[in-house]
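Heads up, there are several structures right after this.
You will see two complexes here that share subunit A, one where it goes with subunit B and one where it goes with subunit C.
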Partner chain A sequence: MKIDRRSFLGLGLGAAAGIALSPVGVKLTDDSSIWTQNWPWTPVPEDGEITYDRSVCSLCPGACGISVRKINGRPVKIEGLDDHPINNGGACLHGIAGLQYLYDPARIKTPLKKNGNKFEKISWDEAISLVAGKLGEIRESGTPESLGLISGADNGSMAQLFRRFMDAFGSPNTYTMPSLESNLALTAAALHSADRSLGFDIDHSDFILSFGAAIIEGWGSPVACIQANASRHERKAKLVQVDYRLSNTANAADKIIAVKPGTEADLALGLCAVLLAKTKIAKDSLSGDVNKLAFSAMLEKEYTSDKVEAITGVKAADVEALAMAFIKAKAPVAVPGKGRGDVGQSLREFAAVQALNALAGRLNKEGGVFVMWPAGYLKFPENVMDDTAEQGAGKAKLAGSVTELVDKLEKDGGLSALFIYNANPCYALNNTEKVKAAMDKVGFKVSFSSFMDETALKSDVILPASIFLERLEDVVSGAGLAKTVVGLCRPMVKPVFDTKHPGDTLILLAQAMGDSIAEGFSWDSYEACLEEVTGDIWDTLSDDGYVVIDDKPPVGTPVTDFTFLSSAPKIDVPMGEGDFTLVPVDKMRLAGGSMISSPFAVKTVSDTVLSGKYSVVEINPATAGALKDGDVAVLKTAMGTVKVKIGLNEGIMAGVIGMPRGLGHTFNNPYVAGKGVNVNDLIGPVIEPGSGLDAAFGIKATLSKA
Partner chain B sequence: MIENKKVHKFGMVIDLDKCTGCGACMVSCMSENNVPFKEDESNKKDSITWMRVYKLTNGKSFPETEIVYLPRPCQHCGGIGDHGHSPCVSVCPATATDYGYDTGIVSQIYTRCFGCRYCMGACPYHARYFNWWDPKWPEGMEKYLSPNVSPRMRGVVEKCSFCYHRYQLAREQAIVEDREIEEMEYQTACTTACPAGAIVFGDLNNPAHKVHQIVKPDPHPDPMNHKVVGKSRNPKVFRLLERLGTNPKVYYMSEREWVRKAGDNYLKGEWENVKTHHGASSSHG
Partner chain C sequence: MSELENKANDDPGGGAHHGINNGPEDDKGLGLGVIFFMGAFLVCFLSGWLLFPKLLYSKKEQPFNFDHSLHVEEIGDCETCHFLREDGTFSGIPGLESCMECHTDEPMGETDDEAVFAEEYVAQGKEVPWLIYAKQPDCVYFSHAAHIVAGGMDCKTCHGHIGETSSSRPYEENRITGYSRDIWGKNIWGIKKNSWDRMKMDDCADCHLEEMGHKGYCFQCHK
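This part shows the complex of A and B:
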């Protein structure tokens, strides 16, 4: 057959049509997908009815309301609870990742007893009788005060239940980890009166002067603070951030006042001096206050704007302008507590900032700072104390703070047993080597941890605690908020592992101890205890999920006592030698303190913070010398030497090295541990006289190429 | 009979002046959509994050430095002229990715994908991710997986779907009750999580929705560049690489000029021209 042009075109068209209509192409792509998609195990999540349950997150002191979405009763997602008085629908990434904590393989799945260097599984009965036996021996030897307790938060019924146990046992040695709340309580005690706290009405302030407070990165109640910041634009409220690096909060601020690290208190006192010299309000506001003359004389002499400029690096004219801008605002508030306000704080700094609020007449005013009463909604029945308890509990405490306790234990011991609840001092305190050595001096350590963290690893017996998604508990807001809300944390699932509510554990333990201790803990369960002690508010709490105790400014103006500030000693920090000052940096995406980040949280961390196994440190390019971005360098302080990666960053003051906090965990969990360095390992504690706080905000360091 | 139902065009506005970079959107997205995690996620080139928060800086030294956090989900491009030929859809040989003409959402059908990754090459926003490994959850952690989103297998590309399963749930409810979906009924996981309220989500075609009110999208093609449709008439609002004509449905908002300028790589002098004619001119090259 002759192929002419027409039939050639016809053949071409026919072939094209044939290819287009042939199933071969589709078949090939289908085959390719089958061949490429070989999955040995395909998870098929079970489907079912969707329900939503309300609870409260207690991962941090924020006390946010959460909504848990469940499929056939199985929780699949955590979100912020709409219309909740604390977080109003918002959530932070740690809370949203809550289900990863629930199923975390690093959780402690049964009670454990240490045998040599290894833990062995024991039953709950064995564990309770083992601990009760040891404690019984201590009591019989007549030294009940040698039982210590280190716990996290100091509010809510669980804190009171632990204290009740310590009282009934006969020990005054209860300690709480340093936190924003404990620091604010100390400030209130030094300046106003004991048993109070401070709440900052950031929501209603039109001029927020933050002394390094990481309002966005987790200061106070994190979601509430982020929302207060987000509403600033609509409220036309200004945020002025005193800082030495461009934190997320500084970045969001209208103005940054760059100060040398560690001189925040001096700036605050400098502002106080300007107010006293130039405004009538400050002079008048001092009437009736204690020791105001000595304070004002001290300011006049030591804190002239020129002197403040020399100390802080803030120009004298700027100090004066800032003070006047502050006093001229309608509702200004000064916020203390750099970073998250927990470790590395001095009472002098907190008190200086609070003095500024007092002088500006901002106490107990809307948009100012509230000197708050504790939320007195808990009514425990009278404790039962025998003679041993009365004697032991009446003795003096071993130390004034947990940092002092560590110091004392490391040097000369003093505790024969220690309870650790909701705390991870072997990670969260400065100079962790020393904390671990102190732990070794304690004969018998009982941990109530949920996770095999650094401190649990040091313990002799672990009585594993159910986590917040498995337990009932009252959760009180605090954390610098100007309102008090009690939320009810409810069990969303049955305990996944063989864990117990620590309240139930404590009741079992008390009952196993017998005698007067058992009498004071005669409840059938923690649930029964909670229902009894919350009395008046229980019905509302269990129906609505929360009760707003107080959200108005307290009545009257409290008296301010300036005695501490008139004579507050300056501490020579940072210690050691070196061209750089190393400071820890709080990051929103990394949990700090005793809380451990979830795998999701670690995943979101930028590669300018964590790179492989290395922590990345922030350095201003102007001071990095020959070091280039991404170089591995040796960082040396008086406490230790580590390798880090260099992250050149214009957003940090020259001469300062910023190292992220929350990395360098050392337990067995490849998703969250073994990454970077724990900055606390590199910083030595500096105890502030008069407060016992660890005031080491940083340390001198050297940096050289590896 | 085919009813002339109103066509949705779901989109998002992210206020970069409100975003604090907290990362709640990223984690909310991951836990909503069964996104896995690995032991080391610090190499961001192979880390799967449907929603990723980038950090931009003005490059000045402290204390003049400014940072902006830019959350980047899939941009759900409408393609040249907003005709639905988004860059990834046009190149997919397996029809594994598709454009929803009734929603404006770009989908990804995992069982069809055979991992050629043309779409990843075509996406100017790096919004698509390839599964180099089968995801593994530590023992017991698979218990929190949601049945509404398929877990993905090795060898496929995945990306943000604007939480399409949430749309399906809301749509089914609305169909049962014989009504239209309301604005707050369908919201993505990142939007609901954002504690700063920086993300707004809704129907760009619906004048009652907040996204429409903020963006005020221009329904006509840009006279200077006919590829561009739906440009914002709000001078503070911009899209990423807008002049390419991919017509994303994710809009960004900022008061600051340097931030708006960071939405594209402008040649010297070019920005001045674009800026002064904002909303009218956006010719490329």
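This part shows the complex of A and C:
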């Protein structure tokens, strides 16, 4: 027998035919397709019992109610809480991505101590005794006022607990980072009275005049604002946006009034002048006869419509028409605060806008501005202060604001120790190089951060804080909302790492210091403290998850004092030289302050904002010269030089460069850091006399092809 | 010379060049081709039908035998153990906690399986690693509530008479996909006689077409 080519052919064909007529082919095709769908590296949540727990998001000042979906007790999804008085079921992209913060690569997993340039792990006992020891030395040396505190927010029990510690220690040097909330409090203090805040009833207004406020991009309580804007059409409310670029809010507005950057205050005062000259102002709503005040004399003289046109670029006729439209509306409200209203704001501008509300008789009226009392639901027992504390706490503060503090520290020091809680000044303040240099002047820095951010990297000891999903806390609404709601943030999961609630850390620290300080902090835990200080509302708070303290207009019309405005100096911004004015642009998808965007949020940013490693800057084609869309260019200001990508955009005023805020982080998180540049690096602070605010909304810049 | 060598020498192949070019030799070549074809065909065909299914699936035994019929007799219907939660989700195979509502670490019966359960799992507080015959891929969303409550369907329609069995049959795991043989069905060609023979997408679609008049949309199950 001979095996030849035909035999092989027969063998092959026979095998093929045999397999074809068996189920092998069909079955293998099916199975291999299922195999590819189930590759083991695809993360799949476990099956199990689904539960929903209520909490409050405290990533931003919005204080939205959230519902956390869990499977077998493990949180898997964050959703907006239905029927919550602030967000009514809605949630923003930062909130829904909240779970990513739990496992963030930049999280601080254990207490750390700086040794040279490196951090080394220490135990909680070591960390507490180390900090308590240092603080003890400061107190013994008789200068307790040289302990400083920079914190993020000024409301809620945690802020008061920190303040209590500072008092008991003996230091008046507590500072809060600039926020919309703090700017509104300053405005209320300048025009009405101290310890008040302003709430804007955008929900019920039929004519919203926004002075650059990014109503749908993160101003105030973002979800509440977005919902108020969304219902505008239904309730026939108009939105007029005063802006120098076509922001999302401007795009959604009924009318855009283009102004030169930095002249919003002048426009507001121009509108006030028209109201005074042409209409009968609701005099009974003001203190005395406004026409006899220095303020009205100043308006009459310096803010004629022609002069306002020259300053702002808005036509005199348009100024008058806008003022008349505003006063003729049933429930108009003027809203201050460019972008998110936090960094780079002038009190003069806030006050001018509020003056417009006052003159139009919109204070404490539905759809207007509420001059609100603080949410006084917390009742701390009396603090215990020894002689050292009394003496130190009675001394004058080093500076009026955190920006002034930085200035002071950088020039001639003044603090021997600094606490940093809920704040990232080395990223969020203008001229970050200067802030870092100021930090270097402080001998001993203690950070209560959850993440190894720019400021934590500068610290000497880190007492890592559990994040909002791991802790209990009262969260008070603010941020320009016309109601006060206290929500209860509850632990949704046990701390993922060896972190503690900063309230517990502070109690441990106070107890380690002993004597009078320990006496003032005699609680077993922060939970016990919260239960005690919330007193009457604790039961409702822990049952319902929130308590509405007030949602009605305050009674009566508050007194308005225009003295600040009649003497408020105009500040000479922007500084530096160049053909362009660089301004930061707030985007909903990018967090700007001490909160850091999640990897998910960064992923959703479009390539007209972040392209590869470059921040994209908006410029008008008319002023672009030889620069083309997508070009890499060199942007230079008095503070620094960076490379950016050009995004031609006819929606921005000629001569203005818009740069996204919230990029350019420089810490260890590959998903968020190393992308774009931090616009705050490029802007120098301009301290406004009379308020201490950093009013640098922008800076002069040059732009050339790389 | 050995016998072998003698034989070799006697070989008629000594005439190696004999008859190499004649016609009938060609016909024999074609015949061989056909034989090879038939042989290969038969081997592959039969292996495809008989050997392949055996190779494709590996057999695994459940941790110990479970008597469904006994449990149904003692405590009632399927829903006692495999219940719907209040939110409509299906509890699946009961956890140890549910079993311990009746069982303790003292065996209740005389069987070896009961002893294994009591000693290795209940006493040690360890969940039983049951192998699940009906587990679908993760890309499939399936609501038991929609079928049982809204559709009024019987467990048997999809799962067969499992409640009447007194022993756990071996779990046959597909070596490629990792899923149970019950999904594709015992019949390798995929032919089914009963509604519970298979649990593939087409089986869902067939039933939907019959009951709802429509096969359903992709996103109904692939969410």
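Definition applied: the second predicted complex is superposed on the first by the 652 of 706 C-alpha atoms of A that agree within 3 Å, B and C clash if a C-alpha of one lies under 4 Å from a C-alpha of the other, contacts with A are read in each partner's own complex, and residues count from 1 in each chain.
Keep this in mind: contacts are C-beta pairs under 8 Å (C-beta built on N, C-alpha and C of every residue); 3 or more make two chains touch, one makes a residue touch a chain.
Owing to the predicted nature of the structure, the values given are computational and were not obtained by experimental measurement.
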First, second, both or neither for A:Lys328, with subunit B first and subunit C second: neither
Contacts of A:Gly90 with subunit B and subunit C, given as first, second, both or neither: first
First (subunit B), second (subunit C), both or neither touched by A:Asp47: both
Partner chain(s) touched by A:Lys552 [first = subunit B, second = subunit C, both, neither]: neither
Greater subunit A contact set [subunit C / subunit B]: B
Which of subunit B and subunit C A:Lys705 touches, first, second, both or neither: neither
Which of subunit B and subunit C A:Gln37 touches, first, second, both or neither: both
Which of subunit B and subunit C A:Val76 touches, first, second, both or neither: first
Touched partner set for A:Ser606, first subunit B, second subunit C, both or neither: first
Touched partner set for A:Lys643, first subunit B, second subunit C, both or neither: neither
Set of subunit A residues, in rising order, touched by both subunit B and subunit C: 32, 35, 37-38, 42, 44, 47, 50
Touching residues on subunit C, where the partner in the complex is subunit A: 28-30, 32-49, 52-53, 56, 85, 87, 89, 91-92, 137-139, 174, 176-179, 184, 188-190
Contact set on subunit A toward subunit C in their complex: 1-4, 6-19, 21-24, 26-28, 30-32, 34-35, 37-38, 42, 44, 47, 49-50
Complex contact set, residues of subunit B against subunit A: 17-18, 20-24, 26-28, 30-32, 34, 37-44, 47, 49, 53, 55, 57, 59-63, 65-67, 93-94, 96, 111-115, 134, 137-147, 151, 153-156, 169, 189, 192-198
Contacting residues of subunit A [partner subunit B, same complex]: 29, 32-33, 35-48, 50, 71, 74-80, 87, 89-93, 96-97, 99-100, 102-105, 216-217, 222-223, 226-227, 229-230, 233, 245-246, 248, 250-252, 256, 258, 496, 588-589, 598-608, 610-612, 620, 622, 650-654, 670-671, 675
